[in-house]
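Following are the structures in question.
Two complexes are shown next, each including chain A; its partner changes from chain B in the first to chain C in the second.
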Partner chain A sequence: MKLDDANLIALARGTAVLGAGGGGDSRIGLLAAQQACADHGPVELVDLDDLHDDDLIVCCGLVGAPTVTIEKIVNGAEGERLRECVETHFGRPVGALMPAEIGGLNGLQPISWAAPMGLPVVDADGMGRAFPELTQSTMNIAGISPGPAFLTDERGTALILLADSAEWLERILRCVTVETGGLAATADYILTAAEARTATVRGSVSLAMRLGQTLIDAASDPVAALVESVSGHRLITGKVIDVERRTTGGFVRGHALVEGLQGDAQRVLRLEIQNENLIALEGGEVRASVPDLITVLDSETADAVPTELLRYGQRVTVIGFPCDPIWRTERGLELAGPRAFGYDLEYSPIEELHAPAQV
Partner chain B sequence: MKLDDANLIALARGTAVLGAGGGGDSRIGLLAAQQACADHGPVELVDLDDLHDDDLIVCCGLVGAPTVTIEKIVNGAEGERLRECVETHFGRPVGALMPAEIGGLNGLQPISWAAPMGLPVVDADGMGRAFPELTQSTMNIAGISPGPAFLTDERGTALILLADSAEWLERILRCVTVETGGLAATADYILTAAEARTATVRGSVSLAMRLGQTLIDAASDPVAALVESVSGHRLITGKVIDVERRTTGGFVRGHALVEGLQGDAQRVLRLEIQNENLIALEGGEVRASVPDLITVLDSETADAVPTELLRYGQRVTVIGFPCDPIWRTERGLELAGPRAFGYDLEYSPIEELHAPAQV
Partner chain C sequence: MPPHRFDLRLGVDVGGTNTDTVVIDRDDHLVGKAKMPTTPDVSSGIEASIQSVLALDAVDVSRITHVMLGTTHATNAVIERRGLQRVAVIRIGSPATHSVRPLFGWPDDLRAAISIDETIVRGGIEFDGREIVPFDADAVRRFLDGLGEPVDAVAITSVFAPVSPRHELAAEEATRSVLGDVHVSLSHQVGSIGLLERENATVLNAALIGVAGQVSQALQSALSAHGLSPVTFFAQNDGTLMALDYARRMPVLTIGSGPANSLRGAAHLTGMDGGLVADIGGTSTDIGVLVDGFPRESAAGVEVGGVRTTFRMPDLVSIALGGGTVVQEADGNGIRIGPASTGQRLLQEGLIFGGATPTLTDAAVLDGRAALGDATRGNGHRTLLRDAIERADVLLAEAVDRIKTSRGDAPLVIVGGGSVIAPDALPGVSEIHRPEHFEVASAFGAAIAMVSGQVDRVLHLEHGKRERLVDELCEEAKDRAVQAGADPEAVRIVELDEVPLTYLTGSPTRVRARAAGPMGAL
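Showing the complex of A and B:
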């Protein structure tokens, strides 16, 4: 399947939903991908089964605080430089690119890098959503070494990191990202296609496209159509009444308050943020939490609003929906459950939190 | 010439003097070098003229805050790991190691790494003293690219940095050093012997050994013997009455006050510190400044006291002496003069500051 202008638009709307507020603004990713495909032709989306077992897949994206992506633009050569570093290090050609995370602009970033190189993008990613830390990947759950990892910035500095520990990889790449201005391009968990088949969330690019198409096709109530297609739950419909946001340590951290309108009047939902929406609280009770996805939608258009663009007065509907099952395993929750983010909360699947009351 | 137990002791006393307070405690470097030579045999000290033009020389040492070297011990495998990274990257064997700086423990560090690998150490270094920043090297003055640079820590993480800018190399390696605990092992400015012949301070290992031997041989007044051998100036003899020292941003920063005794009574000398002693001030007047060397000596033994071991009550003699002429060039002063450290002062050579008054 070719990624062209029409399905890129659907893809961008879908990656915004799967970003759970993070992964960077999909519209920026869309503009870059459209330009790259206009300049170099459409990019092929391939299934992992269509690749040879030992084809080299570069899991890549931008790392940093999404707030920075608004102001600091990549220079366009990052993808080529990452590929050069990977090919020099491994001594063989790269076969395809894969989004490190399907959420937000990172779900589209490999497309703009793949277009000038004539490489395909695989229909899979390493999170099935967006998460703030490099440790929070399905490849980490699968026990694959995160290194060698590669990082480059818009000045042309490039870094190759040999580390077996995902925690140290995250710490070192994060501190370098902060030093170089809060945003950098990375490739880590370099995989063979054979490894990728069992260590990634498969079909996530197609899923994002289908979700985007659902929004495009919805005749009257796109929010309802989306909630149904993701087996989700509407948490509140209302207005953003407070946003506290800091860009710190290479992340966006803060919270937002959404006050209910009409049927939800008198209710207030609090969103805890670290790049992504991590936890939705109401009156001290958890309404949804990581690793499940919490996405803030424009109440009219159902376009997902990334955390860096939340602002006072926005009319929004907050929805929650189940994560990929891999995140509900013991190791998945250890890496990306509420406690991994410092919240002293037990994880409850969103469908249990919102189960119809038993009579 | 073989570096054995006897001349290592002289070398360590000399590198402490040339450290100008920095480069880490030479005694730690001596213990490691002695152990390595006991385990693997003495290390050959070679002149650059004795190497083939294209022999690969690895300029290496520890980077970080000297205070950290007191508590955080290297694991011993850093040198071998740096060599592996360099050889993999360049695709050919390393010919010799060279101290990045002759000052302090860094003047000895390549010896403990070279011993188990059976490599020689060259009689040269990249500073002719110790300086806090990686930018402050004679290779930088010579216009040689600082990258690729290599960094490793005691956990086995290794990093290869491709950068043409010494400033970015310093910033990135420094922030990674801070993240990994304040001390790391680095190799940068990988040189051929032909390049090294015109881009280093030659003979500095021998010089350090000669200075150390001067101290060992001095019958009665080692301070006077040392001052004479370095064409130096005694700035004050007294007692340390105040030390302010912070380990911050991968450096030791602070100041120390030395109050004069006997002939120097009523005088107070202030030393400004960033790893090294940068500037000596008296009543607001500069008595000596970078790039010239300011070294604090134990008044009895003339052993140099590194800045991280300065403490109240020490009886010390502070001396200043001329740096290698390369640092007095326009580019040298730009990189390592008082203004490079944020002091709004014009550099005056120490021999002019202490010239006999004209009649």
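Showing the complex of A and C:
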């Protein structure tokens, strides 16, 4: 299908929901995609089954600080530079781009890069949500090598990193990103369409579009409509009464407290944050945790609120919903479960935490 | 005038239908009030309204020391695309930022009305204060030289200007070398982090410079006609006041001041700290929420004339329902209420005033909600008017429900010149208050508004220094508020916001502190 203006608007609202608070502000991604499609024509969204087995797919996105993405907006030609590097390295043409993560700005970024090249974008991604680190990719679980990795910035600087360890690439790329101004464009886990069919979260672009459309179509209660369509759980409806963010270990970490209103009066939910919303706690009990998704929504419009825009006094509804099943495997939890983020607690799937018998 | 004198204050509110003025004393008690129609040029309405309040016996003109103006000049100019300056738009950030060009996504007609042309030149700042690339001053000069028409104003926005404004300042210098004494709006003076929203606000600001000059001129000449040269403030979007000379340079900040004033005025007139406020004017009703005596603000930046900005405003639900709202039979058996309004011609066109247009005020009078005009003149439209007032009550109740954040009943304060159309009870509302002077609540809110001071800076909050640096910033914000006229005893920090700019330890953090306090003697 061709991604037109209406599709892009729905997609942007959906990627914000799947960002679980991270992935960058999807509004910037929407504007860039709209401009690129206005200048170069709409981008084709393709299913992996529609590509040849050996078509080369560039899994790409932005790494860096969300606050930089809303200020130092990208050039737009980073995608062409990445393609040039990939094609030079592999000696054959690139068939399509794919979002490294569907959450937030990054769910849209490949579209604006693909438009000037006339390349399609694949209906899949490497996370099914947003995560802060390169290691937290379904391609990593599938054993696809993260290297060679490619990095570029708005100046056209290009870097090719030959390494097989996702942890090592993550460390080096993050250092380089600081030097390039807190933001860089990267491509890693370069793979073929045949590999991608089993190593990615498939259909995630159209899922995001459907979720966005649910919000647009919901006449009276968009929050309820969204919760139903993601098989989610409403964790609390209230207002933000405290936000603390600090910079440690190379990330924005912190917490937010949401105090209940209406039927949730007297309740307080604590959100643990590392770029994304990681864990929701109430009275010391886990109400939801990574790798399941925790998204903060504006109570009125159901628009997802990124962690960097959380602010005292906002009226919000926090929802939790299940991640892609791949993250619930042993390897998935090792990479993206609570312990991977330094929390000493056992993961329980959100539907078990909120099973009717427990209530 | 002795610099420390603080006596009577004159508050002016320019609404869509009427321009209201109040005079209040040092204890915030009302001394006099007046209501005159808002005029198409706005300024003569302000003059007439000031003239009529100053003519009251109770008002001792010589005692007026301060004037506060809340005006819709800027909002109207943007919405109506009228009286706007022609602006050259310069962004400093190439090779970054090309993926979203300046003014992309603006309504075409607004862009055509304002922008002569846009460019992105090389330069801009990184999050840590370095340059992206050196600033290209020649590109600025070439761009300005090549414009095919006279330039009224220039809007300059650099990437990360809030971290360091040096490329914007260099661009201003390059601009002056070509255009001399033209107005220049610099983004670091207008907004905070968020390039596109800050750029939008900067361009709007540049476009509004002429409007700002006109209105401050009109206000000053109206005042000097009465031998007055008071300290003069403009109300701004956060409900606080800014000094006249600052407002002349920052007209965009006046956008949205009206709702904040009416909410604050309603709080003060009723003595209520919390609850809902409906400001019913001639054409529309704005409903907001009071929390601790202040308007609850919207979570996201607001749109002005279809353009997204960084400004926050009171969280409002607005509906086209006012005293002058026209009611008519619709196709089938239904009725249509608004959005057409007689506005200030209500007193000529409304049925009860001898006119021929059925309005909600006619319906309210027929329903016994007010004794105005000649109620019998509405008899010919009895069914229409009865259906209309029922429908209006439903619309009002729905709007009240939308703004509420809790299911329980909340008290509702009704203010504004169109208040007569509201019922005495509404579903979801525990009690309805109609304070004395309800019809001039916004002007009252402007007169009692607080004076604020803001400091917005990127700090390196290294370990152990954080508390001291943030405290210093807060003290500086308080000093600025006091310098602007706030009572030193009562000034306090009303907003403190910290946003780390990067992922790195010890990295720069943007800290914004805003202090506010009531007007007081220095």
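Assume the second predicted complex is superposed on the first by the 352 of 359 C-alpha atoms of A that agree within 3 Å, B and C clash if a C-alpha of one lies under 4 Å from a C-alpha of the other, contacts with A are read in each partner's own complex, and residues count from 1 in each chain.
Quick note on the criterion: contacts are C-beta pairs under 8 Å (C-beta built on N, C-alpha and C of every residue); 3 or more make two chains touch, one makes a residue touch a chain.
Keep in mind it's a predicted model, so treat the numbers as computed, not measured.
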**Asked** When the two structures are overlaid on chain A, which partner does A:A32 contact: first (chain B), second (chain C), both, or neither?
**Response** second
**Item:** Partner chain in contact with A:G263 - chain B first, chain C second, else both or neither
**Value:** second
**Message:** Applying the document's definition of touch, where does A:V178 land relative to chain B and chain C: first, second, both, or neither?
**Reply:** both
**Asked** Between chain B (first) and chain C (second), which, if any, makes contact with A:G76: first, second, both or neither?
**Response** second
**Request:** Using the superposition on chain A described above, determine whether A:E308 touches chain B (first), chain C (second), both, or neither.
**Result:** second
**Prompt:** Can A:R245 be said to touch chain B (first), chain C (second), both, or neither?
**Reply:** second
**Message:** After the superposition on A, what does A:R155 contact: first (chain B), second (chain C), both or neither?
**Reply:** both
**Request:** Going by the touch definition up top, name the partner, chain B or chain C, that contacts more of chain A.
**Result:** C
**Asked** Is there a shared patch on chain A that both chain B and chain C touch, and which residues make it up?
**Response** 155-156, 178
**Item:** Complex contacts: residues of chain A adjacent to chain C
**Value:** 28, 31-32, 34-36, 64-65, 67-68, 70-77, 112, 154-156, 174, 178, 181-182, 239, 245-252, 261-263, 298-300, 303, 305, 308-309, 311, 313-315
**Message:** Going by the contact rule set out above, which residues of chain B touch chain A in the complex?
**Reply:** 85, 155-165, 168, 171-172, 175-176, 178-180
**Parts of chain C lying in touch with chain A, wherever the complex brings them together** = 93, 95-101, 104-105, 124, 126-128, 130, 132-133, 159-160, 193-196, 291, 296-297, 299-300, 402, 405-407, 497-507, 509-510
